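Read from first to last, the chains carry the letters A, B, C and D; within each, the first residue is number 1.
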Amino acid sequence: MIGGGRGAFIGAVHRIAAAMDGEIDLVCGAFSSDSERSRLSGQDLYLPPERVYGSFEEMILQEKALPEDTRMDFVAIVTPNHVHFPPAKLALENGFHVVCDKPLAFNLEEAKALAKLVEETGLLFALTHNYTGYPMVKEAREMVRNGAIGKIRKVVVEYPQGWLSTLLEASGQKQAAWRTDPKRSGAAGAMGDIGTHAENLAEYITGLKITELCADLSAMVEGRLLDDDGNILLRFDNGAKGILFASQIANGEENDLNIRIYGETGGLQWHQMEPNTLVHKTNEGTRLLRTGVGEQSEAAKAHIRIPAGHPEGYLEAFANIYRNFARAVRARLEGKEPGPFDMDFPTVHDGVRGMAFIDAVVASSKSDQKWWPVD
Amino acid sequence: MIGGGRGAFIGAVHRIAAAMDGEIDLVCGAFSSDSERSRLSGQDLYLPPERVYGSFEEMILQEKALPEDTRMDFVAIVTPNHVHFPPAKLALENGFHVVCDKPLAFNLEEAKALAKLVEETGLLFALTHNYTGYPMVKEAREMVRNGAIGKIRKVVVEYPQGWLSTLLEASGQKQAAWRTDPKRSGAAGAMGDIGTHAENLAEYITGLKITELCADLSAMVEGRLLDDDGNILLRFDNGAKGILFASQIANGEENDLNIRIYGETGGLQWHQMEPNTLVHKTNEGTRLLRTGVGEQSEAAKAHIRIPAGHPEGYLEAFANIYRNFARAVRARLEGKEPGPFDMDFPTVHDGVRGMAFIDAVVASSKSDQKWWPVD
Amino acid sequence: MIGGGRGAFIGAVHRIAAAMDGEIDLVCGAFSSDSERSRLSGQDLYLPPERVYGSFEEMILQEKALPEDTRMDFVAIVTPNHVHFPPAKLALENGFHVVCDKPLAFNLEEAKALAKLVEETGLLFALTHNYTGYPMVKEAREMVRNGAIGKIRKVVVEYPQGWLSTLLEASGQKQAAWRTDPKRSGAAGAMGDIGTHAENLAEYITGLKITELCADLSAMVEGRLLDDDGNILLRFDNGAKGILFASQIANGEENDLNIRIYGETGGLQWHQMEPNTLVHKTNEGTRLLRTGVGEQSEAAKAHIRIPAGHPEGYLEAFANIYRNFARAVRARLEGKEPGPFDMDFPTVHDGVRGMAFIDAVVASSKSDQKWWPVD
Amino acid sequence: MIGGGRGAFIGAVHRIAAAMDGEIDLVCGAFSSDSERSRLSGQDLYLPPERVYGSFEEMILQEKALPEDTRMDFVAIVTPNHVHFPPAKLALENGFHVVCDKPLAFNLEEAKALAKLVEETGLLFALTHNYTGYPMVKEAREMVRNGAIGKIRKVVVEYPQGWLSTLLEASGQKQAAWRTDPKRSGAAGAMGDIGTHAENLAEYITGLKITELCADLSAMVEGRLLDDDGNILLRFDNGAKGILFASQIANGEENDLNIRIYGETGGLQWHQMEPNTLVHKTNEGTRLLRTGVGEQSEAAKAHIRIPAGHPEGYLEAFANIYRNFARAVRARLEGKEPGPFDMDFPTVHDGVRGMAFIDAVVASSKSDQKWWPVD
């Protein structure tokens, strides 16, 4: 693991997600660019001191030198955005598969370079757009594919949070500080952090691509350097229209990722904060599809751990990304074909798409031109 | 009553709303442009035959000729949009107060002419943007006024319906037929029918004005002549941003008017389909404000009929518009000052505002210019 | 109308419910046993002074003396429980149909006497167990009848309120005072006031009869003279088991009447505070049946006024009882057969059943015997 | 681990719960009484063959013989009820701490014997009443302790499931088979399996004890040997009254554990299927307390892993039991004091209490005596 030392948030999430199914062991780490902090973090995690490194370069090179049955099987990168590209590149160049937090990189150029490298090396690369790991998101995608709601006409996807309603970064809060800093976060704030999740979710479920958009970004909190709110009109490649909004100044909202999709014959709604329910509406009535209840797609069933009514949450969805990836890596190591859902995780290509989305949003927001292409 | 004969929808709603509080009696009507149909409708309603008229002209003129204590006190216009202006104008010119269904008129020009006439005559004019009659909408407005959520930053208002997901007008269904016909509905379809409710609700609660917008209207159903779906970016006069969407092809949605308002210190959410709950969120927690529970504004309490937990619905909200208007008319007749909430009903000016909104939306949607003014 | 003067609650509800559909006009009243209060109440309601009476005896006898086309068509009794029997008896004896608030009478003996009188006179008698007027309650009953959930095994019905969590009656609050007074309310407090609604709803929807029960009543608030809380085990005539509880000390609850019914092949849930949704669950999935959406029974459709998504509430349900009764009375007056749903209102027999339930509950609660018959 | 081989349900839950926080490693197992099945299960879990045993006796004795730094630190027992006592006893006698699934034993006698042994040996013993691991359950308990709702008057706790609506055991389904078999499950079916969870949750949050009860158990499905449904009246040691029901024939219900607690000044509601919300109601209004939002007790915060709005579910709650237990074991091993919440897990005494509850329920249900003591 690279990053995720003491005080970090997403590193712990990755560790729990990786540990949950007993298929992945944390064997080494470069948890901080501060080597003492890295060492202490490794100790917290019961790692042998010799596998705790002071930098990602050190880790990648020294692990590579270890015997095959000892060294790490893949790298997980959980650093801020500006430190995604360098370790990912180095890991790929040294033959390691990679799991990387989103967004993929600091800018589109880096993203495309990584995609190229992944293709050249043939290595596996997972991007943790974790919301696609929920069983009911899988079910929604299968339903769309099977025509359950007909041709899609409208998509409304939103991701409101309220935690940046004040200038929290001024207090030195670590999560706020890097996310609102253009040098570490990139060209976008909320749109990069959570807008890309919304974009990814919409494209994952619908199978459509956003072709054009019209964005209005704001930094609502005085003194903030990046957008903390954005409203976007969308147009999709099949003629569907839509709305995407992301906000970190939606006071009182927690993590309210929500998607509604309307087709010619029905609609679907999924809400991350009640993730075990998928609402299927038609003009004839409403059905609540619940994780594990009744007939469900193989894709959904493969991502459920416990019987219906025992709520599975964010960590289980995240763990589904890791578990699939781990099985794909294992299949690769054992020279076998991966199982039917082992390759169902977001890839470097989703990452490139996300960076293109950020680019288009930022450009559109600055422009008087109504529609801006995404590509 | 003008319009609202057999087969109509909104006429019956107006009658129930007017009857509910025992303050208004239906005394006469011109229920249809077909005089036989008008006669039969009057019979259904137990009206004396001599007060059932074959046309609105006949009604207004003959009622005017009746003794003051016999003739109607005001006119209610419940016809399709293109028949709002002529009877409203005639009624005002003959000294009758008016209740008119929304949108106010067929176009902005008519709307402005009516507003001028109302000012000149000094008569009372209510427009039935009925959703503002809900107690929890009143409460929301009072909370905003009292600073409960601080300066407003973001407004998301939406009104999805699904009933026009197919070319229903081709079947001759009466409600669909006139609403999708530019000759009877005006320049907009869904935006005129329900988008104006969303616009009115947002401005009513926030006290803000939409200054600019960027719209993308669609006729998603092949063969439809007016928009059945629209997505709009909003900018308000205090710097707040927002989203408004209205749809009649949101398959499976009933009448899902919903508004979220985020300010510097909190957020509010109100949902028409569960109208007795107002959600007040801050980063410290969520409160559910319920009709009639705990301390509430005088404005809310004045519009509640029964104790908490007995759900009050659409008809009661509609009746609140009528009751306030009736009391204002009665005060006028008795030469008294109206009570503190008697003038709390939407007016001709809200109607002008709605027509200006429709004009801007339609123009914006056809334009490549990103922002379009509303005025 | 008898009772329902200034300061009363349920009288106003009856008036709104009766007025809503334009089929009933309030023509006279004895609104209070205090004749001055009665007079003032009549004035509030725009009644001619000569039709406002100082006592129910006066009203019934004088109205009877009026010409047939002038005098009232039926009597509505909205007094506290101990003043149900005398006016109901007198009205029936003088040939008037009756609407009476619940519970039917002060005790079972009175109830049976009224039932006998109704049978002897052949007059119409409605008891306002208003919750059975909701469209989704009708739908639930039809579904049970049609076998949608199979043979019923379990019923859980509950009616929690919180408004009597303190000794409110000591403050002189009028509603609390008579409801907690054995001289005016009868043998039971909460069980008579709201427990009977729960009992009636359960038997109405299921078509089953409670045969035995085991009750534990409490007066949780010190100094209270009647039960404010009760928990009851139920057994039904088809072998089903159940639970009924009613409480007026469930702090924070409004009017939370809720019923769940489980059969061999499915379950139903209906909740008064969101009355337009009926939940139909099976082990294969959950459907939300919504007022006016999709295919529905004729019984439900006959009790809906407005299109789906415009919430209909308590007053509309109450008005359904009145409207059916009014149509039944009109049919009788016109010598016609009543329409298919005109006789769908609770009768004097439901009232007798409710009083038998109260008797059994009170007896059971005092007894060490586990099961107590209801009959 | 003892039990939990291929085809088992709860074993996998225990393994995930134990693995999640990286504090526990699975080192050995006797996964089945069938030694081949045990061996294959161990292989699935990547265990070294020599640590996979053919019986629990073998495992306990051979592990004991291993060096202290190699052998297991505690035993987890995840077998059907009739195989709780023998391995628990043997483990305790051989100096191992124990985690045991609920109910504690086959009968009260066994339960008391285990409690005695725990006291004599001073070893740690956790019973996986996992629902008490949810953060909002901790918060509810703290609120009750702090007087947030005043003296408790009423408790309604329920646990409906629908999965045994048919004679599933006849199909050989493994989970159904042992749970409905008196030889493996004990004197109670649904009441032992899930009724004890409800009982435990009610006593855990309220801090009260059930002193008397009145039960009505049924085997609603023809041919079933144990109760699949039960309704119970409760009386508590502070004078509060209550209701408990558990059902496995509540068709369409998943795992709907729900508790409502009403005190003199407020009420609390918690629902397992939406476990991150705790509803706090008073007659002044309703607050939704959400995992991780706003000020919360230390007890709640200590059991949260991720920021608000990322739903934590059943596995995280289960893992909280394991994590606390693991920390308590570690403190013991290291000779330190356990941390402030390390001892917050259900113990053998909760288990004895559960068995006493089962005994009283079964006896009450067979009796004509109204009230039956629990002790």
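In this section, contacts are C-beta pairs under 8 Å (C-beta built on N, C-alpha and C of every residue); 3 or more make two chains touch, one makes a residue touch a chain.
Because the structure is a prediction, the values reported are computed rather than measured.
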{"item": "Any chain that touches chain D and chain C", "value": "A, B"}
{"item": "Reference chain B; chain at largest CA-centroid distance", "value": "D"}
{"item": "Whole-Å separation of chain centres (CA-atom averages), chain B against chain D", "value": "55"}
{"item": "Chain centre separation in whole Å, for chain D relative to chain A (CA means)", "value": "34"}
{"item": "Separation of chain A from chain B, taking each centre as the mean of its C-alpha atoms, in whole Å", "value": "43"}
{"item": "Chain C, residues touching no fewer than two other chains", "value": "163, 253, 283, 286, 290, 293"}
{"item": "Chain D - residues contacting chain C, complex", "value": "149-150, 153-154, 156, 158, 160, 162-163, 165, 214, 216, 218, 220, 229, 231, 233-235, 241-243, 245, 247, 249-253, 260, 262-267, 280-283, 286, 367-371"}
{"item": "Chain A to chain C touching residues, read off their complex", "value": "283-290, 293-295"}
{"item": "Residue numbers on chain A that touch chain D, as the complex places them", "value": "9, 12-13, 15-16, 19-22, 26, 45-46, 161, 163, 253-256, 272-276, 290, 292-293, 305-316"}
